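In the part that follows, the structures are each spelled out as structure tokens.
Heads up, the next two complexes both have subunit A, just with different partners, subunit B and then subunit C.
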Partner chain A sequence: MKITIDGKKVEAKRWDTVLTAARRAGIAIPSLCQLDSLENVGACRLCMVEVNHPHWRGAKLVTACEYPVESGLEVITTSEEVLRLRRANLDLLLARAPESRRLQQMSAEMGLEQSGYVRPDKGTACILCMLCTRVCEKLGCNAIAPAGRGLDKRIDTPFGGYPDTCIGCGACAAICPVDCIEMTDTAKTRTIWGRTFEFVKCAECGTPVITVEYRDYAIAHRSLPADYYNECSDCKRRKLAVKFAKVGG
Partner chain B sequence: MRISTIEQLDEQRRRFAALEQEIPWQVKVCSGSGCIAAGAAAVHDAFVKEMAAAGISASTSFEQCGGGTSLVAKTGCQGLCQAGPLVTVQPGGIVYTRVRTKDVPLIVTETLQKGVVLESLLYRNPNTGEPCRTREDIPFYVHQKFVALEGCGIVAADSLGHYLARGGFRALVHALAMDPIAIIDEVEKSGLRGKGGGGFPTGRKWRTCVNADGDERFIVCNGDEGDPGAFMDCALMEGDPFRIIEGMMIGGRAIGAKRGFIYVRHEYPRAVQRLQSAIDQCVDAGLLGTDILCSGFDFQLRIVRGGGAFVCGESSALMRSIEGFPGEPRSKYIRSTEKGLFNQPTVLNNVETFASIPAVIRDGAYAFASVGTGRSKGTKAFCLAGRVNHTGLVEVPMGMTLREVIFGIGGGVPNGRRFKAVQTGGPSGGCLGEAHLDLRVDFDELSAAGSMMGSGGMIVMDDYSCMVDVSRYFLKFLMGESCGKCVPCREGLFQLFEIVDGIARGNGTRKDLERIEKLGHAIALSSLCGLGKSGPNPVLSAIANFREEFEAHIVGRKCPAGVCRELTTFQIDPHRCTGCMKCRRVCPVNAISGEKKKPHHIDTALCTRCGACRLECDDEAIAVV
Partner chain C sequence: MGDGPRTLVIIPDKCVGCGTCKLACSMVKASGDAMRRTRIHIHNISRERYVQMTCLQCVDAACIKACDTGALMRNEATGAVELQENRCISCGLCEVACPFGHMHFNRATGKPEKCDLCSGDPACAKFCPHGALLYR
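Our next item is the complex of A and B:
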């Protein structure tokens, strides 16, 4: 189907969201809480765009990450109102997490020097984009989830205690746009969510591969051979190269 | 009692109607939350005891009455909460107000045994001083029109028999004889709009659901009433639970749903208990279950209790909560009538909407639509609260002006104070001032004025209320109840609160009002759900209608109403003070000094600005300077 984004005719597929269609056409829309492989939640509100349709009575403001395309849809990503709302929400986020490099960068792009609001004294720099909880859920662990509501809302382990189902994969920390999930790696251990995990060491070079719990989980749930994680990816590659060389030689 | 056919239903209705005629006395003790708090439960028990002592055969169960046995029933809210506990005695329809247990023996010996009406317990018309015997005489009731609340306070809330005797399930029989689409046509023609706040046309909602693809359809009743000061749904669920069940069954028949859910907040234990008892009685009688009244219609109902989150009154959050997930709203780009509960087409309506359905089907769309304005038909229930003479539950025809509701039914502002504002629509609504008193109760008129119909809270404020403080109160409420999912609502309402709190504490700047308006509009436009979108309404409407009061806080550093403690100084006017000592006695910090019959003095260093002295003073000698 055909839709228009900022005056440009764009080919979109059924079940596309406005955001996917725009990105495919090379039109950038800022977003903090969206990832293609995860369910969209529309939490950060930065991807708001204006949509209209010849059959409608007027334009609507919607989140691009959630709005499903339909034939003939007209999208405007940079109207004055859209930019104003985007800045307003970024301003609120910046008050929450002024140290975040990602937010600073986005603010600079939108011409926002510093937040006009006070920093809430409750909670951390977490902007509750839910990427961490969604990625954890997607992996099948559900070790962390949102708890509480309003300003007290936070990402936490069950009842704030020991995370039984956490496997120390570190996906939550890696995906966090404001780097507020604490993860400490040493040569032997990884500490995250108040729990310390032992690393599996590479049988060849001794560098940490993944945590023991993660290895066991991956073997049990991803039907991989039991010795799959015995070596680090570098050593695996090196051994494979040697093998190829022998076959070829 | 097993009712398997329409004939059996009619037979039972005739039996119970005849039984009601036989009952010598019906003593109806209001058991709404207000009257219970005022001691209605003890009054009810006292009636049982005293009637037995006086040798009057009486029962608390309608089904066991008749043949000389009188009824002592617990009913739902009878409306005039201000004068509770209320007791209505039939025949005669005598309304006794402020009944205490000590009054019960007298009512039994005088009224029930001798037929004498006790004037001392009657309501008195505040203007004429005349005692009013029945509902028809009390001005509070005269201007009302009861549709959804038709049976509330009239029927014994726990009796299927009494509901049948009063014509219950007649509308269901009608509906079962109709084509499902014809039911929807009828509801659409009636112009009934959702009474939970949004005002979406009910018929159109049902039709979209019927036209959507799905494996199963669900019907959900939203009883998660959370607005401060609102208790219409509570009163209905407690007072006329069978009517809600009947409304849901008609809805289920219309859209082809076999299962329905009633979502009731956990803070309404009495509503849960009465609804559950009503469902159980219907199941036992065969009015819920399979092949209801031999029509081939199957319907089950289940109560789901909410955990006390305001946001769960939002339809998509409510459905998530029923499914067992945290109650967070989702974007409704795909409507819940297409993908709702368990991803199936779902109709969700408010308690009051379902309670209106039997009237629409029984009396027909035209009768229902004969009341109301162009685009708002029928009636709307409100809870009158705050600074008004008659607080309580009211139902008014659409199109009545706010002035008629507040001054006609509500009897105006007490203690001769001046009306200042009325807050309609709860935390999503707005504050309207005197200039808006002639607005009509109409979905579109109230929205255009910056407030909304909402679920029906109506809080009246007098000139002792400060609009900055009221805005701060609502923002604090909303901030605590925001689910925290999306940024503008979670972070934005907090920032709004901070600004308004600063103004109330005397730290406001001239730029603040502009900042509030800018941020408020951003929140309204970019929030995910309706609660966030309407969250800035109270403060935005307060600024629009009471700008000078905000400016007084910012520029003059004064709170004209004498509420914001940092900006208030109380002083006694020596010319007005009669030295009655009342204020001295009530002051919690002993800041007031002065001898009897000589002007008193407030030590401002000690005064905590609680305002207790001002409320106590009969001579208006305590001024805000």
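Our next item is the complex of A and C:
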């Protein structure tokens, strides 16, 4: 089907969202909370666009990551109103997480001049983008979820307690765009969400490779031999290099 | 030579360990900094014996099997396993799964870094002054 984005005719597929169709056509729309492998939740609201249709009575503002395309849809990604809204949203996110490199970069790109919003003293930097919870769900662990309502809304373990199903993979901390998930690695253990995990140590040199629980998860859920998870990258590479050297004569 | 994609051929016998491939890689992939993070490594096995190591773009790749989101896919044109950043959920399992240690998970960006053959024009091979890396 054909849709129009910023006056340009673009071919879109049936289950596309405005964001995917735009990306395929090489039209950039800012996005923070969207990943192609996760369910879209429209949390960050940085992908706002204006949509209109010849059959409609007027345009409306929607999140591009969630809005499904339809034939004849007209999308405007850079109107005054759209830019104003995006900047206002980003301004609020940045007030909550001023240290986030990702948000700083986006505000530079969007030419945002920060207003005077400040986050309350004890507030966290979490912007509730739900990337961590969706990643955890995608891995099948569901160790964390949004809890509370309104101002109290936060990401937490079930009832704030011990995360039974957590495997200490650290994906939540790695994906967090504002780095607000605390994870502490030592030579022996990883602590996250109030739980401490033992590391599998490299069989050659002893550096931590992966948590024991994560290794067991990988063995159970991926079709790879169990001994693939026993060594660190440096040792694996060195071993192969030694083999190559022998073949080379 | 067949009709398939070209491959990066590593010839350790010719490597003198000069590190030009690493420099070229870091220029392309990390704009000159982070030499440790290059996608090609040189191993000094014994005196004057060097072996260059980079992703072998395995036919039956462990990284692809470790990835549950389809973020690692083969580029049929170049034969390289490439990362689709927008599918990656930062689980880091590809790094651990690679049996040869060629996947580097960057904790700061939350994404793995691997050799993608520079989309069919590998800088390391282009700059190797000793013919120890060939792309053919």
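One rule holds in what follows: the second predicted complex is superposed on the first by the 224 of 249 C-alpha atoms of A that agree within 3 Å, B and C clash if a C-alpha of one lies under 4 Å from a C-alpha of the other, contacts with A are read in each partner's own complex, and residues count from 1 in each chain.
FYI, contacts are C-beta pairs under 8 Å (C-beta built on N, C-alpha and C of every residue); 3 or more make two chains touch, one makes a residue touch a chain.
The structure presented is a predicted model; accordingly, all values stated were derived computationally and were not measured.
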Which superposed partner A:Pro146 touches (first subunit B, second subunit C, both, neither): first
Partner chain(s) touched by A:Cys166 [first = subunit B, second = subunit C, both, neither]: neither
Which of subunit B and subunit C A:Leu112 touches, first, second, both or neither: neither
Partner chain(s) touched by A:Cys44 [first = subunit B, second = subunit C, both, neither]: first
Which superposed partner A:Ile192 touches (first subunit B, second subunit C, both, neither): neither
Which superposed partner A:Val69 touches (first subunit B, second subunit C, both, neither): neither
Contacts of A:Tyr229 with subunit B and subunit C, given as first, second, both or neither: second
Touching partner for A:Ile127 - first (subunit B), second (subunit C), both, neither: first
Shared subunit A surface residues [contacts with subunit B and with subunit C]: none
Interfacial residue positions of subunit A with respect to subunit C in the complex: 34-38, 135, 138-139, 169-171, 174-176, 209-210, 214-215, 218, 221-224, 228-229, 231-238, 240-242, 244-245, 248-249
Subunit A-touching residues of subunit C, taken from the complex the two chains share: 10-13, 41, 43, 45-46, 49, 51, 53, 62, 65-66, 68-71, 84, 86-93, 95-105, 107, 110
Touching residues (chain side subunit A, partner subunit B) in the complex: 41-45, 48, 61-63, 66-68, 81, 84-85, 88-89, 92-93, 95-96, 116-118, 120, 127-128, 130, 145-146, 148-153
Touching residues on subunit B, where the partner in the complex is subunit A: 309, 311, 326, 330-331, 333-334, 479-488, 490-492, 494-495, 498, 515, 518-519, 522, 525-528
